Structures are given as C-alpha cells and as structure tokens.
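Two complexes come next, and they have one chain in common, chain A, joined by chain B in the first and chain C in the second.
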Partner chain A sequence: MPSVNGADVRKVVIACDAGMGSSVMVASTLSKKLKKYDVAVVHMPVNEIPADTPVVLCHAGLADRARSIAPGAVIVPFQMFMGDPAFAKVENAIKGGGVLES
Partner chain B sequence: MGSLSPDTQQVLGADAVRLGLAATDRLDALRQCGAVLVEVGAATEAYAEAILEREESVSTYMGEGVAIPHGTDASREHIKRAALAVLQFPDGVDWGGHQVQLCIAIASRSDEHISLLQSLAMVLTDKQRAARLRETNDIDEVLTLLAPQAEEDDD
Partner chain C sequence: MTMPDALANKNVEGSGVRARVQRFGGYLAGMIMPNIGAFIAWGLITALFIPDGWLPNEDLAELVGPMIIYLLPLLIGYTGGRMVHGQRGAVVGAVATMGVVVGSDVPMFLGAMIIGPLAAYVIKLVDDAIQGKVATGFEMLVDNFSAGIVGGAMAILGRLAIGPVVDRLVEWVENGVDFLVDENLLPLASIFVEPAKVLFLNNAVNHGVLTPLGTIESQEAGRSILFMVESNPGPGLGILLAYMFFGPRSLRPTAPGAIIIQFLGGIHEIYFPYILMKPKLILAPIAGGASALMVGTLLDAGLVSAPAPGSIFAYFAVTPKGGYFDMLAVVVVGAGVSFAVASALMGFGRGERDEEPALPEAAAA
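The block that comes next holds the complex of A and B.
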C-alpha cells in the first residue's frame, strides 16, 4: 500500500474526469489552504495523472481509475466537493507530519 | 457592462447569463445548460449530450445550491471555444437529494475558464455572496460576483 508522510508532500494532484470542472473548484480552495505549507495544488483529468505523483485527491467514484493510472500514489477519495473530511485529513497530515495512506 | 476584463468577458458573456428560469427536473436543467452553450457558439450538440452522460457518472453538485455541469473528457473535441453559461432556477431543481438553484455550465479545452471557477469557489465559501448568486435578478451582479479578484493573502 502506498503511503507518504505529510511533511514530505510538496505537491497534491486533484483529479476529475475531464479536469475542467470539479477538480478546478477543489484545487482553488485547497491551494489557498496549503499555500502556507509551500505545497502546490494542481488539477488534471484522471487519465493524465503522472505516474510519480505522491498524493492524489479524487472523487470516490474515480478512485479505482486513479489507482490504475498512478499505482504508486496515495489516493485519497472524497464524496463531497466542498467540506469533505478528506480535505482536512490531508491538510492536517501536511501541517503536522502525519502519515497518509491509500 | 459588468466588471469583467475583456478576456474574461469572452468566456462569460452577459448573453450566457440566464436568470429566473424554470426546469421540471435535473435532466431538463442539464438540457437547458447544453442548449445555452450551443446557442452561444461554445459547443456542438454532441457536447450537450455528453453533459448528460457526465452527470450520470458523478454528480456535479458543488454545494450552496450550485452545480457545475460539463461534458466528459472524451467529449472535449466537441468544444468550439471556452465558455461558461449561468442558468438560475429560483424555484430549485432536485439534484439527487440536493436543491440546485444555479447551474454554471462549462465548456473548455484548456485553462481560459479557470479564474472564473476559482472566483466561483470563493463565492461558495461565503454564504451571503452565494445567496446573492442564487437569488439576484441582475445579470450585472452575477458578472460582478464572478469577476476574478487579484490574488489575496488571507488566513
């Protein structure tokens, strides 16, 4: 199972199907929160996730696809585009150096 | 008119902001979204169809009564130019258990629409401004609310 320490995360990928809607919305709110930890937040279609990506956030319905495209990445699924506990989980791990695992 | 820069105006024109609409259900609302994108020359009928398909897989409901319908990854070839359309349904539309009063329909192959969606994300974190977006009957107010702001370092 891929896992990563939040303190080592410098980049988080937000993926959705087309990369033009929901991932943009999630990325813009999350990048505001993570900017102070020097973590870049980018959005893209799930099919374009680079294989060496450490952490991917995506809707639960796309998690299996994300896993097949970036098997080495920690995949953090969410259900809601705003206010999902997954976003706080990632932020807290980055802030306090906790472990994130798929 | 409005307060959008010329670049942003190309993506969200006043002619693509439709307030005070009614829809019988989600499917009807999605069809209206696709029709506006086709009407303003942003996409073809095939893209409008893909909006229905995309919604089937994962809902585009974002919160605060707002959904952002758009096509699938594969349907991007049917986009002619980047555009957003704003469709307001004051009486609400049932969206898989959520009430949606505003749809922001998206057609884009690259990043031209990003700054508008970023400002939408900010509006949705502010309950009062989100309510204005759902309730206003002034097209200019919609354009002002969605106008991209300069980068600010808050919190």
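The block that comes next holds the complex of A and C.
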C-alpha cells in the first residue's frame, strides 16, 4: 500500500474523467486552503496522471482507474465534491505531518 | 424494467470492468473535449451568420462549411494522435485525418477518432524500431521523413480504405438515429444514458458519441436533439431540488450550492453522489430525461452545437433562433418530472429520520 507523510507532500493532483470540469472546481477550492503550506494543487484527466505522482484525490467512482494508472500514488477517494471529509483529512495531514495511505 | 439495469450497473462497481469501460470512454471523450471550444465557435458562427440566423451574412457564412468539414475533424485527429505519441503523433494523426476527410460527404469525426490514434500508433512503432540505430547527425533527417512518409501513407490508406468504410458506417448510425427519433423512441435512451452518467461515463456517452453525431445532424438540419440527451441540466436540478426539500436533513443545506454548480455552472458530476448514496433515485433522472426527450421530440426541439458544459447558460448560447420555448420546455419538463419522482422516492420527507446516508464503501478510507 503506498503511503506518504503529509509534511513531504509538495503537490496534490485532483483527477476527474476529463480533467476539465469537476477536478478544476475541486482544485480551485483546495488550492486556496493548501497555498499557505506551499503545496501546489493541479487538476488533470485520470488517464494522464503521471506515474510518479505522490497524492491523488478523485471521486470514489474513479478510484479504480486512478489506481491502475498511478499504482505508486496514494489515492484518496472522496464522495461529495464539496465538504467531503477526505479534503479535511488531506489538509490536516499536510498541516500536521500525518501519514496518508491509499 | 429499469431497476435491474441500474442495479446491474451498480454491481459492476468496484470491479475492473467499470474502470476499463471508463478508461476506453475516457479516450473517446479525450479526443473531443479539449476541442469543445472549436465546436462552440462553429456553433456560434453558424447560429449568427447562416441565412436564417441572427445576422445573415454571406461572406461570414462561408466559414461554416470548412470549419465543420476540415477544422473540427483535423483537431480531433490531431488530439487523438497526441494522446498516443505526443507532438509527433499529433502531426501524423492530423495528416492521416486528411485522408478520411477528403472525399467524404459528412464531417468525418468518427473517421478522425479512428485514424488519428492509429496513425500515431504506427509512427510510435516506427520510432521505437529505429531508436538508437540512427547515425549521428542524421536524426532530424530521419525523424522528419519517417513522420512525413507514415503520415502520407496513412492519408492514402484513409482516402482509399478507411474513409469509405467509415462513411458507410456513419450512414448506418445516422439512419438508426433518425429511426429512433422518427418513431419517438429516443426517450428510451435515457434508460441507458442516465445510469451510465452517474457511473462517470457522462463524458464518454456525451462527447464520445452524442456530440459527433449531433454535430453531423445539426449541419444538415440546423439543430439536433442529440445534444440534449445527456447534457440536459433539468433532471439533475430536479434531484437536487428534491434533496433540498425532502432529503436527509444533514444534506439539505448542501443542495443550494450544488444547484448553482450544476445548473448554472454545468458541472453535473456534483449531483452524482446524491444518487450514488440512494441508488433507487436513479429512476428520477431516467423519468425526467425520458419525459424531456419525449417533449423535445414532439416539439422538434434541438440545439445548434454542443452545450458544454451542460449549463443553462450554455443552453441559451447554442439555442437556434426561435427555439427558446422548445429548449426551455425540455429543461423544465426534465427538472419537474425528475423532482416529482425523486421527491416521491424520498417519501416527501415524511418519516425521514436524520440518518447518516449510507455512503458506498471507501467513503471512510
């Protein structure tokens, strides 16, 4: 199981099917929250996640696909596009240096 | 009749099948979606300058034909090639696409979606085969001519073999779609489209299939109802309104924000989780979408180009002159029926304990 310490995370990838719609929306909300920790938030299609990506956030319905494309990445699935606990989990791990696991 | 279908899809969840189907669909949509801006530019120019448009203008209307016959397929072939083999794949894909475009009577979207990636795959094989074997100083010469030769050869193959076959294929599909529309069977599409949508096949269905077909129809008839099959913001609005009034109390406050993002912003994904957590609600968008398509078929409603994202603003922008009532009827009926069915399925809020909605597995992961 891939895992990463939140304190080492410098970049978070938000993935959706096309990389143009929901991921852009999630990325713009999350980047405001993570800016102060000097963490970049980018969005892209699931099919184009680079293999060396450390942390990927995507909807639970796309998590299998994300896993097959970036097997080494910590995949954090979420259910709701706004206010999902997964977003707070990632933010807290980055802030406090907790471990994130797939 | 419809439930088993929705449930069957639900059961696929988690296995590799769903991921594979999504992935294939992702490739189809991935060739179209980056180019939606060009489809919209074509749609706006068409709506404005054709003889029965807003500002008829013969000179500017000359843009319409070449844009749909050459520009859009070439962009698709280019993008498809780029997905397979970067910039070189893109160039070879675009060259090869010319082969299927020339000599065809219809906009060759399907042909471009086949030959673009195929040609890029061929140049990828060639590149892999000669990698490291080229004498120092001859790299550029070899690279340029291998791309030129493969591109040219694929264009010839496209013109002589692939183009005619795809042409015939498109003709069959068009006849099939015409049959569905003429026999008022199009509403049945919702039975498949709506469940596929919430399983994140929305882009694959809409842009992988409906956008190319709709654009071909629109070029001939000035409008197409196919653009409204998947992208109608009405059914999703109905679901979210039902949640706002009758949903679990903990979720009611989230609905208004979701409505803005879905109905005005056009990001439909926002409502999928509201269905995935209560799967029987899939009946609501199926009923809403089918009713909307029934009304749309009867009114002969349609849009000029792809409303993407499926926002009500995008709908207004691509509605043909004189088609506003029809368009609004489709959206309002979709929203109303979907709202009624979703509200009934949630018992109009009666007896709704403030239970935590049963999130599918992995929620807490």
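Heads up, the rule we're going with is that the second predicted complex is superposed on the first by the 102 of 102 C-alpha atoms of A that agree within 3 Å, B and C clash if a C-alpha of one lies under 4 Å from a C-alpha of the other, contacts with A are read in each partner's own complex, and residues count from 1 in each chain.
By definition in this document, contacts are C-beta pairs under 8 Å (C-beta built on N, C-alpha and C of every residue); 3 or more make two chains touch, one makes a residue touch a chain.
Keep in mind it's a predicted model, so treat the numbers as computed, not measured.
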Next on the checklist: Between chain B and chain C, whom does A:P45 touch in the aligned arrangement: first, second, both, or neither?
Outcome noted: both
Next on the checklist: On the A-aligned overlay, A:D17 touches which partner chain: chain B = first, chain C = second, or both, or neither?
Outcome noted: both
Next on the checklist: In the overlaid three-chain picture, which partner chain does A:D64 touch, first (chain B) or second (chain C), both, or neither?
Outcome noted: second
Item to check | chain B versus chain C as contact partner of A:G96, first or second or both or neither | outcome: neither
Next on the checklist: With both complexes superposed on chain A, which partner does A:P77 reach: first (chain B), second (chain C), both or neither?
Outcome noted: second
Next on the checklist: Applying the document's definition of touch, where does A:K32 land relative to chain B and chain C: first, second, both, or neither?
Outcome noted: first
Checklist entry - Where on chain A do the contacts from chain B and from chain C line up? => result 16-18, 20-22, 25, 45-47, 59, 61-62, 80-83
Checklist entry - Can you list the chain C residues touching chain A in their complex? => result 13-14, 16, 18-19, 22-23, 25-27, 29-30, 33-34, 199-200, 202-204, 207, 254, 257-258, 261, 265-267, 269-270, 272-273, 276-277, 309, 359-360, 362-365
Checklist outcome for this item: Within the complex, chain C is touched by chain A residues 16-18, 20-22, 25, 45-47, 59-65, 68, 76-77, 79-83, 85, 102
Item to check | Interfacial residue positions of chain A with respect to chain B in the complex | outcome: 16-22, 24-25, 28-29, 32-33, 45-47, 59, 61-62, 80-83
Checklist entry - In their shared complex, at which residues does chain B touch chain A? => result 54, 57-58, 60-64, 68, 70-73, 75-76, 106, 108-109, 113-114, 117-118, 120-122, 124-125, 154-155
